[in-house]
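Order as written gives the chain letters A, B, C and D; numbering starts at 1 within each chain.
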Amino acid sequence: MRKTLISLGVLMREKRFVYMDHAATTSIKPDVAESMIPFLKEYFGNPSSLYSIGREGKEAIETAREQLAKALGAKPDEIYFTSGGTESDNWAIKGTAFSRQKKGKHIITTSIEHHAVLYPCEYLEGQGFDVTYLPVDRYGLVDPAEVEAALKEDTILISVMYANNEIGTIEPIQEIGKVAKEHDVLFHTDAMQVIGAVQLDMKQKHKDVDMLSLSSHKFYGPKGIGALFLKEGTQIDNFMHGGGQERGKRAGTENVAGIVGMGKAIELATANIEEHNEIIIKMRDRLLSGVLEIPNCRLNGHPEKRLPGNLNFSFEFVEGESLLLMLDQMGICSSTGSACSSGSLETSHVLRAIGLPPEIAQGSLRLTLGDANSKEDIDYVLDVLPETVGKLRNMSPFYNPGSVCEK
Amino acid sequence: MYNKKVMDHFMNPRNVGEIENADGIGEAGNPHGDYMKIFLKIRDDRIEDVKFKTFGCAAAIASSSMATELIKGKTLNEAWELTNEAVAEALEGLPPGKLECSVVSREAIHNAINDHRKKQGLETLEE
Amino acid sequence: MRKTLISLGVLMREKRFVYMDHAATTSIKPDVAESMIPFLKEYFGNPSSLYSIGREGKEAIETAREQLAKALGAKPDEIYFTSGGTESDNWAIKGTAFSRQKKGKHIITTSIEHHAVLYPCEYLEGQGFDVTYLPVDRYGLVDPAEVEAALKEDTILISVMYANNEIGTIEPIQEIGKVAKEHDVLFHTDAMQVIGAVQLDMKQKHKDVDMLSLSSHKFYGPKGIGALFLKEGTQIDNFMHGGGQERGKRAGTENVAGIVGMGKAIELATANIEEHNEIIIKMRDRLLSGVLEIPNCRLNGHPEKRLPGNLNFSFEFVEGESLLLMLDQMGICSSTGSACSSGSLETSHVLRAIGLPPEIAQGSLRLTLGDANSKEDIDYVLDVLPETVGKLRNMSPFYNPGSVCEK
Amino acid sequence: MYNKKVMDHFMNPRNVGEIENADGIGEAGNPHGDYMKIFLKIRDDRIEDVKFKTFGCAAAIASSSMATELIKGKTLNEAWELTNEAVAEALEGLPPGKLECSVVSREAIHNAINDHRKKQGLETLEE
């Protein structure tokens, strides 16, 4: 690798490539990519075919189904492959809604869900459904008691994400599941962010979860492939109608290579969750305390109940997109909830939901750690970030160094 | 997303700072949250020096930088006529949806010119 | 390759692997697979990210969009990526239906569509929509006059496949498009089977087509990726709700590798359609006349208006699944519309729609030619097939050699 | 889809053919379109020889082959008691949904036995 010297003002330093956006997507592990290649180059038969050459594909799909089932503590029959997290969410929500509209039209979800949950809900509102978007506290926590209080006679679905992708807050899924079960309402959770970070067990710990969505590219698998866990006996409408694939529940010729890759990826991601988390948390804690030394900076999300790899900061007097782009120039990949970054007029709905005033939400920076990171990455970010924030603050009309209270 | 020229003006913005005892000071913001403050040093109806401070995205900062470059040395009349499109063009284009972010420069310049006129006892100009 | 000697009765011959099921799926071309690999191994950034490392993905997606647009004679802005043909069909049909239900609830389609069209229509019937399934003639042709006659005040959509996947019949798409246009009704066509076989031109020849579905694995691209052509200005409801991908019309993190592969595949598949068809038709015609020498055998579908690579036969006194499996033992991959093969009680809905009596439909065999085939494959099939049919007929209680009229 | 045993009985079916002057002939079909015709040679209430012809899928053909093997040499009573499950088991299993296809063998055997009883002036047995 060529070494590049880069300057962001006075100091010259060696540029380093630091990927800290693992919540957005992850790289494919080499073993995962290798597992896929035979299904691109060699085994091309249609898994639905009767003759022998479709069989490698069919068998590979069933192996992947077992790998997913094992990782979730579920039965292979409860796993359905989809084209990604978005499809899984759409299916769970619309499939439940349309299948139960005679029974009721009320859905409970939260104001901090991913758009893959929020927009299907909004769409359903247009179709005559009634959706309650529960508020969260300032840490992003949903209160199970509020879920219970929101229940109506005609509630058919509760959908609460397992952990938030922006601020990392982990929700009380078991408690909410209990509420759902007690009132005989289906419970769906968007678990995109937790595979490989939280040990799942659909038979025991998560026995009250009826549907769970996951997406391969969040755990070092390929993009465009995901799954829906649909608990045995749970009947919802199909979303993708057509051929008899996936035991008649999800039509469409299977993305065999993608399914194989996801199977391998989940096996690797869940092989040693605790040890993996320990490493990530160690890096995260050092990064956290280092960043908090920058004045007028705060951590968003829950201080403890959060994903191991997630840090979400707000820097006063700084706009997030600028910060992100300057960090990118220094080789650091990050994310922000600022309005400008999304092309919309509003800052992230999650940051608004936890009550951040717009100017604080504007200065948000998400750093999500993962397999790509090392101690050296943390050092580099801690070296570059304060200077970058400083440079932008010096450009800001709101910033008055005198007014900044040193911590 | 942004072209090289924009990135250059963003990473190395020209004319950042404040002018003490400026002859005209103007501020402007937009609904995205971008905010610019501009300082003019004026002699003989001409902008002798200009500085700015901007809170905002890369488009806002680069536009501020480019706008100040474009009005430096110009007469107040010329500066008043500067459009967002001219700034965007000088930057060789802004991504769709980002033109909005460059609007603050024009507004801040107008406000600064009017501030100067007020100080001079002149009536302010209308948009 | 090891040579295997194989016997199906008396004769011993060298076993040959012959893939003749190109309508089911195709192998990925080496150049296509190669184009995908960097997006599995190297460029993993999320195309929606603001920083530089997502850009390779973003740019690669736009290149693929241009490749598709060029192949279809469309604008890049009219191409939307999906997870396959099934999703494209579901989106076009349900998206149109839900977006126009205030205007009307009547849909016209045909009785020979793929299940990816039929089942969404059936689903919509359950949601209060009214669907006309037009009959076809004995060759599988839809009559544009019947389409016109079926129109009602509240017709919102006409969906007729470009060419049938089982019997290969090519429908009068331009004439049906004219009917749709004259009555201001949206027109969708399932074009899975025609990419690389028919030259498309959405601006001229197919200017009356508002929506067109395609699927990459039918033209030597990867599985689990497809596209919907949505004519400029055509407003239909989204099907996949969530993030802002695909200009806000199809949410979900993009299957970058799949999209790249499909782009390359369509470029290759449409580079020289005429020359390619010539080769295929030459092989097909020899296979056709050879097979027709078997007594009590007929060709299904239209004799001329058919896909270059498609042959669909019925053999009296023979059941299709048995025939398929025996051919598989001889190395030949084929397909059948027999009841047993589908696991359902009924023979193929297409063969029923063209009026085949059940016992004739039971004995159907589809051979679809493509890039994998050579003259030697034709020789081999012509060598093996008569004997195989003979073996099964000798086992059949219905077969009475005396009653067979020699041709 | 099918296991090795099924494929063997499908590719190399035992007892295919007809018996001239058979002592009992039975036919049976199912809604899939599978159809079997069976011929029994009976001596002393025992099945001395058996042949069949079947139109149908691999499951139907393999079941026919296996069923004829299982009843060959058996008494008519024993043959009557043969179940689909026993045939499927002897084939080491059939894919889900394919058990139906093996039903024809049992029915054809029953019909052949009853044909034999009729020829003998005996009353026919009920299922």
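The rule is short, and it goes like this: a contact is a pair of C-beta atoms (placed from the backbone, for glycine too) under 8 Å apart; a residue touches a chain by one contact, two chains touch by 3 or more.
Please read all numbers here as calculations on a predicted model, not as lab measurements.
Enquirer: Approximately how many whole Å separate the CA-defined centres of chain A and chain B?
Expert: So the centroids are 40 Å from each other.
Enquirer: Return the distance between the CA-based centres of chain A and chain C, expressed in whole Å.
Expert: Once rounded, the distance between the two centres reads 35 Å.
Enquirer: What is the distance, in whole Å, between the centres of chain A and chain D, each centre taken as the mean of its C-alpha atoms?
Expert: Taking the average C-alpha coordinate of chain A and of chain D, the gap between them is 58 Å.
Enquirer: Which parts of chain C, given as residue numbers and ranges, touch two or more other chains?
Expert: Each of 50, 321, 325, 341, 343 in chain C touches at least two other chains.
Enquirer: Enumerate the residues of chain D that touch no fewer than two other chains.
Expert: As it turns out, chain D has no residue touching two or more other chains.
Enquirer: Draw the chains as dots and join the ones that touch; what shape do you get: line, ring, star, complete or other?
Expert: Basically the chains just string along in a line.
Enquirer: What is the complete set of touching chain pairs?
Expert: Contact pairs between chains: A-B, A-C, C-D.
Enquirer: Residues of chain B touching chain A in their complex?
Expert: The contact residues of chain B facing chain A are 2, 7, 10-11, 13, 16, 27, 31-37, 53-61, 97-98, 101.
Enquirer: Spell out the residues on chain C that touch chain A in their complex, using ranges where they run on.
Expert: Counting only chain C, the residues touching chain A are 19, 21, 24-28, 30, 33, 36-37, 40-41, 44-46, 48-53, 82-87, 89-90, 98, 114-117, 119-120, 122-123, 127, 215, 217, 222-225, 237-244, 251-258, 261, 321, 324-325, 327-328, 333-336, 341-343.
Enquirer: Can you check the complex and tell me which residues of chain A touch chain B?
Expert: Against chain B, chain A makes touches at 317-319, 321-322, 325-326, 329, 338-341, 343, 345, 347, 358-359, 362, 394-398.
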